[in-house]
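You will see two complexes here that share chain A, one where it goes with chain B and one where it goes with chain C.
Then we have the complex of A and B:
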């Protein structure tokens, strides 16, 4: 109880300076710390899957993305827009405070015990043939949402590349990093990837029966791909490469084909044949992990850029 | 194949096409889109025939898991009518866009062509998903797909002002997403399910449900661009390339509108009080009047058409108090049909108008209204298209817009809420004003010439405008389609 109160207090204490920080860099650093604390809170709530995702995507990848944005903003010309007036700031503050109070009030008014689908999930999990109820929901009961979220990731890559300068079309994404010959980055970039890949494969594999799964594994894989790039010892492939585009699309395509196979064989989209459900789910998850990892890494790398130097 | 497969195909064909567009490249994606367009139209028409013939919605439980544990598609008359609309508008836009975003054999892939086709397919798939889904979180996924496809469409030209417009749109849309998602979480906490039909029997008027509904409504209004949350729309829709503007105005804002209908009349029939419905329609009335006046004041043709969208969105919200105050009556049925036909007629008319205005701007080299004198002779077909689409927007008989506005007007008078009838009449006059302003300048003798004879799609825009008018010739019985499976009358 006291530990929980401490975590809650620390989350609020970190959230405030994220909003109030004057420099973008400070705000991002605090935001990453805030994300990690949130992950702790999820662990305390026994939601280990959510905690892993929060740490890997919420704090990790989002943090890297925001750091990149802060760095680009710092190098650019100062913002021309006039800062919001006092009245506007006050209005936003009052609005947010009012919403927070209302949320706090209605959360106390929610039914207790909370109505939940946990029971029917556990009653039907045998049909999905996996041990982790989160995986059963994501790949089974609500498989459509997961399928479409995977498609959103492909769309995100298209949207990002659409922002490229015309002259850079087809080039490699991201800025060229100066090679790091010594120091921790150079060492980590060489040592960490083999270990990281093993960890990612493990997290993907146990995801069927224990906390873990494709999104967390893909985030680690993406990080392992980005490390050598950040250290300047490996260059990302040009976005016109056929294999790169095929890998991004393969996961969602496999998922959709599995869905249609259910239509043909079982009479409903995304219905898995009894006895083969786990095999189909794992096969789709393996391909999806590769697609998500590449898509996440490309999102961090940014659009193809002209100023890649020699 | 069972009828349940039809909604699956309607959603999955465009999504699969969007994903495949990446490895296929710009030229392959273009050909795939043009192949999928007639296929998708056939699926949508088949859905409409099945729904109309069976007088019942099509249901399909995904993976055989029934809600609340699983997800189900539920396609009623509203969905069927909108799906046919979406398929026609997407198909016409794809044909039109070949001129601007086409890639000839052997030509190198360009950024704009690479991005356009998957974005178009994503908007199609997301629209169909918003129409077929029956679950508050699946709606959220549809909204995300819509936003992330529409935002880059706005910035496709890569100019500074379009990037700014896209960024502003993104801010509004993300604010809408956050509010909507917050409401979804509260709703699950209160009722333990997100299925629309199951929620209708479980969600009472408790404080958590009311706050959730308020948050979700605010979020959806930001995405639908109802005044005063419309600020992002004019620069975004006017700055996008013509083909993009057409789908943004015709379809994207309707996706979040349909979800709002599901929330108010599916999840919470009768729970938001009559006052809330009056406020919503009040905002709609303000949008009609202020949006039309703003359109009258514009100097540029594309901005005029964009402000006209702000105004026409307002009409969609007049149905709320008319249904809320007289639930289950013939008046409510009229208001419902009027609102849905307005969404459909506006989709055709506005797609036609944006395509034709884009064409005029490309051919004349500018879109300043006061300098288009002579366009009537130089560009007769686009001027006729603009006029026909304008008839529907004004609500002049016989046109789809007339049918819609007449039904709303009749419902307002039957419900004793004469003030909405007044707004409809004033809106029609103001719309006539800005359409007339363009036509009167364009038909005057003048210097405007069309030096560039680019590959054009003026016939495509004309066909869309004619469809928007022909809707008014449909026998009233055909409009019965949109009554089938109305959620406020029970699942």
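Then we have the complex of A and C:
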């Protein structure tokens, strides 16, 4: 109990400076620490799957994306904002206070015990044939949500590439990094990827029956791809490569095909044939992991740039 | 036997926490980046090492033991790599800035 209160206090104490920080870099650094504490809170709530995702995607990957954004913003002209007038400040204050009160009221008005679908999930989990209820929900009962999530990542990559200047279209994404021939980064970029790939495959594989799954595994795979790029010992492929585009799209396409197979065989979109549910889910998850990993890495790399100097 | 294991865990984890507290104090109180990094990496290496050591006898299986040791090894490697990189960046910033 005391430990939980301490974690909550630490989360609030970190959330405030994230909002109040003057420099974007400070805010992002604090946001990453905030995400890791949040992951800790999810562990305390026995939501290990959520904790893994929060640490890998919420703190890790989002942190890297935000750091890149902060760096790009720092290079541009400073934004001149006129300070808000007194009436505007008062309006913002009243609006925020109203929202806080409304949220508090809604949370206090929740029925007790909270409405939960946990029991129907556990009663029907045998039909999905996986032991981890989170995976059963994500790939079975709410498979459509996961399908749309995966499709959003493809759209995000398309939107990012749309930012590329015409002259750079089809070139390799991201800035070229100076090669690190010795030192810690070069060593890490050579030693860590084999270990990281094994860990990622493990997390993907145990996701069927224990905490883990494709998003967490994909975030680790993406990091293992980005590490040699950061050390300058591997260059990302040009975005005109057909295999790259096929890998990005393969996951959602495989998921949609599995969905239509359900329509034909079982009479409902994303319904899995009895006896083959686990096999279909794992096959789709493996392809999805590859797609998500490549999409996440490409999002971090950014659009192909004209000026490819360091 | 369980009492001995309990005492061992409490002592080593407490010693690990001492290193974390000392490292945090150093991070806040030390005057320059290099000494702060020194304090921080000591907390990572020794503090986490002692916590892992204390938890080893409680692992459910050999796989659990190996995972704990692997976690410590990975943190060692990442902080050993991040420390010098941050130090180099700070030195370049001090020279160029």
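In this section, the second predicted complex is superposed on the first by the 295 of 310 C-alpha atoms of A that agree within 3 Å, B and C clash if a C-alpha of one lies under 4 Å from a C-alpha of the other, contacts with A are read in each partner's own complex, and residues count from 1 in each chain.
By definition in this document, a residue touches a chain if its C-beta (ideal position, glycine included) is under 8 Å from a C-beta of that chain, and two chains touch if they have at least 3 such contacts.
Treat the numbers as computed from the prediction; the structure is a model and nothing was measured.
In the superposition on chain A, A:260 contacts chain B only, with no contact to chain C. In the superposed model, A:187 makes contact with chain C only, not with chain B. Applying the stated contact rule after C-alpha superposition, one finds that A:268 touches chain B and leaves chain C untouched. More residues of chain A are in touch with B than with the other of chain B and chain C. Comparing the two complexes, no residue of chain A contacts chain B in one case and chain C in the other.
Put simply, chain C touches chain A in their complex at residues 74, 77-78, 80-85.
Interface of chain A with chain C (complex): residues 183-185, 187-188, 191-192, 195. The residues of chain A lying in touch with chain B in their complex are 102-103, 105-107, 109-111, 114-117, 120-121, 124, 140-145, 148-149, 151-152, 154-159, 161-166, 169-170, 240, 242, 245-246, 248-249, 252-253, 256, 259-260, 262-263, 266-272.
Across the complex, chain A is touched by residues 2, 4-5, 8, 12, 15-16, 18-23, 25, 60-65, 68-71, 108-112, 114-115, 118-119, 122, 125, 129, 137-138, 141-142, 144-145, 148-149, 151-152, 155-156, 158, 163, 182, 186, 189-193, 206-208, 211 of chain B.
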